[in-house]
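Below, each structure is written out as structure tokens.
Across the two complexes that follow, chain A remains constant while its partner is chain B and subsequently chain C.
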Partner chain A sequence: MTLETEVGVFVSGVLNYFGTTVQQAAQCGTPHLALGERPEMSDYTGVIQVSGKRTGLVAFTAPKSMLSVMLMRMQETDMSHENLCDLVGEIANTLSGNARRDFGHQFQISVPEVVSGRGGTLAYPAQGRPIVIPIEWRNYHARLIVCLQ
Partner chain B sequence: MARLSLNQRVQWLPLAVTALCTTALALLLFSGVQLAARLQSASSALQLASALSSQPQLLRSELTLIQRGLETQTYVGDSLRSLAAGRASSNHAYTRLATAMHDAGLATRSDTAALYTQARTNWQPLDSGLAGLEKSRSGELYADSAGGSALTASGTALKRTVDELLASQSRNTSALAGELGDLAALLRAAVVHDGQSLRALLLGGAGLASLLLAMMLYFALRAGKAARAAGEAQRQIGNILGTVREGLFLIARDGRIGGAHSDSLVALLRAPAPAGQTFEELLRPLVDEKTLLAASKFLGLLWKDKVNEELIESVNPLNQIEVNFHKTLGAAAEQRYLSFSFRRARAASGATDFVLGVVADVTDRVLLQRELEQLRANNDSHSALLMQLLQAEPLQLQSFLNNVEVGVRRSNALLRSPGIGSAELQHKQQGVFREMHLLKGEAASLGMDSFVERTHAIEELLASLREKSALAGDDFVPVVVKLDELLGHKQLIAAMQERVDQAKSAAASADDIPPEHHGDTAVISTRTQPAAATATAAAAERPAGLEQTLQRLAREVSAPGGRQVRLACEGLDRIPADYAAVVRDICIQMVRNAIAHGIEEREQRAAAGKPPTGAIRVRFAEASPQEYSLLIEDDGQGLDPARIRDRALERGLLDVEQAAALNQSGAYRMIFQPGFSTASEVTEHAGRGVGLDIVNTTVRECGGRIGISTQPGKYTRFKMLLPRHDASAPSHSSAA
Partner chain C sequence: MDAPLHRLLVVDDSNVIRKRIERANELPEIEFVGSARNGREALELYSLLRPTLVTMDLTMPEMDGAECVSKLVQRDPGIRILVISALADKLTAIDALEKGASGFLCKPFTDRQLNDALRKLIGAES
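Presenting the complex of A and B:
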């Protein structure tokens, strides 16, 4: 399985999440490389670590406002920090599930972790250049970050 | 008859002994029953003989009583009845004695038979006498008178009979008693003997029964042990089948999978219940028809015992197969590599009973092998790259690598810019395409095939995006991955170049050559920064470098098409530093275009009366105090407005009306449109319709102009006028 296919699986996973769970489709911006800098973090970030055939991470980072509106669409009234963390964690968990399903035993996927705050850092692999895929939903901007070595 | 093995004999021995014991015990019991019956008869005979031996004496006593009664004229009626009963009883007893002796097997024994016959013979006279006595009693025995009682005639006759009987049978009764006594003694001995025999039989029977019990205990113990061993073996087999990672299964002669198989088989073949299915049924969803047919024929061979097994395995079509699992509820669609091997499981007769199949997932091994092959290929390509690096001019290479970095960064910036509408995405696509095309051209001019391949691959991806009606952001994922790969390749080459430079420096030091003449890795120029600080040194290197680059490019591009080209360069040593990159890009695109689209093949040139070698001329000059001129001319087929019109129509750049209204100058302008190309197929050097588009854009960005002069079949001349930057800023002097 090539890297582009693997990145495609994660992108489809996020878009499917919006289409099915949030029931409102999101659009994908043009992906690009984060050259010479770490990708910008948003308010809440769900991240899974990948090892095995490739090592690295996959993260979904989104602003608080976007996650709150998502929760509303999902008939949730509790907009607490914990619930926002749960939502971004659930998206990461969905990505993890997709990866397990589509990649099989070639990859080992960690339990999703949630990083809150724009100043948070992720454990990027030493050599990889992160690919940033903008996710546009309503007027909100989230990012899917894939950095696999 | 097949000979039994020692082990089999050991197993059969207890069974045979048990069977013998059982038979012997049955015989003993049967004999015992017979002996007991005989003993019973002998005992009866003994009782009868004993009873009979006292009978003569009793009869004699009764007769004596009757005699005395008659003499004293007392009542003898009871004695007479007792005598009659005794006689009847004796007769009956003799009959029963004969029967009992017969049943006891004593009737045929000479001694007992002789005694019985003699006793019976002696009894007969007595019996006859007693019978006569009963007959002789016909009336009253006594007659009473005044003188007392006296015997009547009947009484007298009876008395006479009694007296005679007592007198005649006196000796006979004694003999009879003796004979019956002897007979009783013999019968007693026979009873004792039979009793002893019966006891011996019973002892033997008890012994056999004990032996039988021991055997049964032995069998029970052995059966229990065997059952425990079988249970343990079954448990161990279960553990093996449950633990082993390979799929183990048995194929019966009818092709069906046996009930016992390893648990892994289910997961490996993704078949929930393989038992009972035929092997072909299991295989059908995983492989194509051709492989399935080959597998069926192969299995057929396995059942032919005469065919060598090792030979069969060497033609196993399932040794390593690629299987494609479809997506199911519990598992993802994926491609795996499985390896099947088969062995014959033979029965005791030597014939094939089952075929043992073993299937293993060898995906990791196959992928690892491929990775190793890829690594080997990479090593080879690294060697080739190293050779290129050794031959390349360091400054040119450094400049190119900088341009790769810049090109990728500019492409990335374009992708990063906002906008996900269809037009915006197409704009991004075109922008990245131009960058890649520029890089590809430069890579080709330097002979850096690895970069040509990579940039061409990105162009292919972008070209496919151009054809899509509804473009989406995620369509660019493969482009970004390839850009990342291109950047990674550039970094690899840069690292290699650094090592090559270090090696060259070391070699130079060793030769005691002043180091300032070596290892100059300064950047000539980049598109983003002209590197003014190194302009002087770079200018000294650049003209020869660009001409050399163009000469190499001409060779590279003309070789595959069978064309011959002579490139003449003029004034390239007068290109100012701030135009070095621009002129370089333009020259590369234009020379490549001239060869790919202008210069004809040899035969075509010969037919047109032209020399076989095409001529291309590149000339850089100062056209005026305000402008430089760059002229690129070829003696090729020229521009054909009609052909340009047709291609524009084909490519959808013009509709029919626009095409009809297109004049000559309009047709010439058309060749600068993005996506226009007269090449019929896409190659590394032509066909995308981007080269002149890039030239046009570059010249316009510099504030310059392009003029075309052409004559079909004769020549094409492009003249570009570029404004002099130092015209308004005289302090920035050119190398000229």
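Presenting the complex of A and C:
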């Protein structure tokens, strides 16, 4: 797969996730390489480690306000820190798992890890170049970060 | 009203997803009886709750869904298991079915897709 095709797999996954789970479309901005700086992390970040034929990580990072509204749209009334962590991890898991449709069975994914708080950093693979896919949903801004070798 | 015929156990490491499946079930034939966070908990609860239907995630800590499907089917060959997973490749679905699952639903899903899959699992008319 070309890099463009690979990024397209994740963009399609994001659009499908929002359209299906919260039934309100999201828009993806222009994906870009994070050159020279680490991608900015928001309030909550769900991280999936990828192993097998490809190695690296997939991370979904979003503000608390956005995740809270998403929970409401899912009829969830518990907006606790635990549930916000749960949701951001589940989104990262779903977007990574869905990518196996195109990347194949050897695209192995971990259970999600969750980082809360801005200003954290992720352990990117040494040779990896993180690609940032900006996501806009109801005026909230999130990012999907894909860094695969 | 007739009593529900089927007893549902929901297995997923996400609390949000477990509650969503419980809420979304609108089939009167299905009674929610409990939920588990991983395969090990599911096996423990099976002995207590005797579910007849299970929704099963695959990627979970401690014991994953594939192993749990095999063990549940060994204990109860008549149990009906709907795997609900984000792992969207065909081999994963085939592997789950070969281990004894009765159906596969890919995440993300709508409430309608979930109910359709549960309806198929119990062989009910839509």
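The rule we apply is simple: the second predicted complex is superposed on the first by the 147 of 149 C-alpha atoms of A that agree within 3 Å, B and C clash if a C-alpha of one lies under 4 Å from a C-alpha of the other, contacts with A are read in each partner's own complex, and residues count from 1 in each chain.
Definition applied: contacts are C-beta pairs under 8 Å (C-beta built on N, C-alpha and C of every residue); 3 or more make two chains touch, one makes a residue touch a chain.
Computed from a prediction, not measured in an experiment: that's the story for all the values here.
Engineer: Could you tell me if A:11 is touching chain B, chain C, both of them or neither one (first, second, both, neither)?
Structural biologist: first
Engineer: Considering only the touch criterion stated at the top, classify A:121 as touching first (chain B), second (chain C), both, or neither.
Structural biologist: After superposing on A, A:121 lies clear of both chain B and chain C.
Engineer: Would you check which partner chain A:101 touches, where first means chain B only, second means chain C only, and both and neither mean what they say?
Structural biologist: both
Engineer: Name the contact category of A:136: first (chain B only), second (chain C only), both, or neither.
Structural biologist: In the superposition, A:136 touches chain B alone.
Engineer: Taking the superposition as given, does A:24 touch the first partner, chain B, the second, chain C, both, or neither?
Structural biologist: Neither chain B nor chain C is touched by A:24.
Engineer: Between chain B and chain C, whom does A:35 touch in the aligned arrangement: first, second, both, or neither?
Structural biologist: Once the two structures are laid over each other on A, A:35 reaches chain B alone.
Engineer: Under the contact definition given at the top, report the residues of chain A touching chain B in one complex and chain C in the other.
Structural biologist: 101, 104
Engineer: Could you pull out which chain C residues touch chain A in their complex?
Structural biologist: Residues in contact with chain A: 13-17, 19-20, 23, 59-61, 85-89, 91-92, 106-110.
Engineer: Can you check the complex and tell me which residues of chain A touch chain C?
Structural biologist: 16-17, 20-21, 23, 71, 74-76, 82-83, 86-87, 89-90, 93-101, 104-105, 107, 109-111
Engineer: Name, in rising order, each residue of chain B that touches chain A in their complex.
Structural biologist: 331-334, 367, 408-409, 412, 415-416, 418-420, 425, 428, 472-474, 476-478, 480-484, 487-488
Engineer: In their complex, what parts of chain A are in touch with chain B?
Structural biologist: 2-4, 7-8, 11-12, 15, 27-33, 35, 101-104, 106, 129, 131-134, 136
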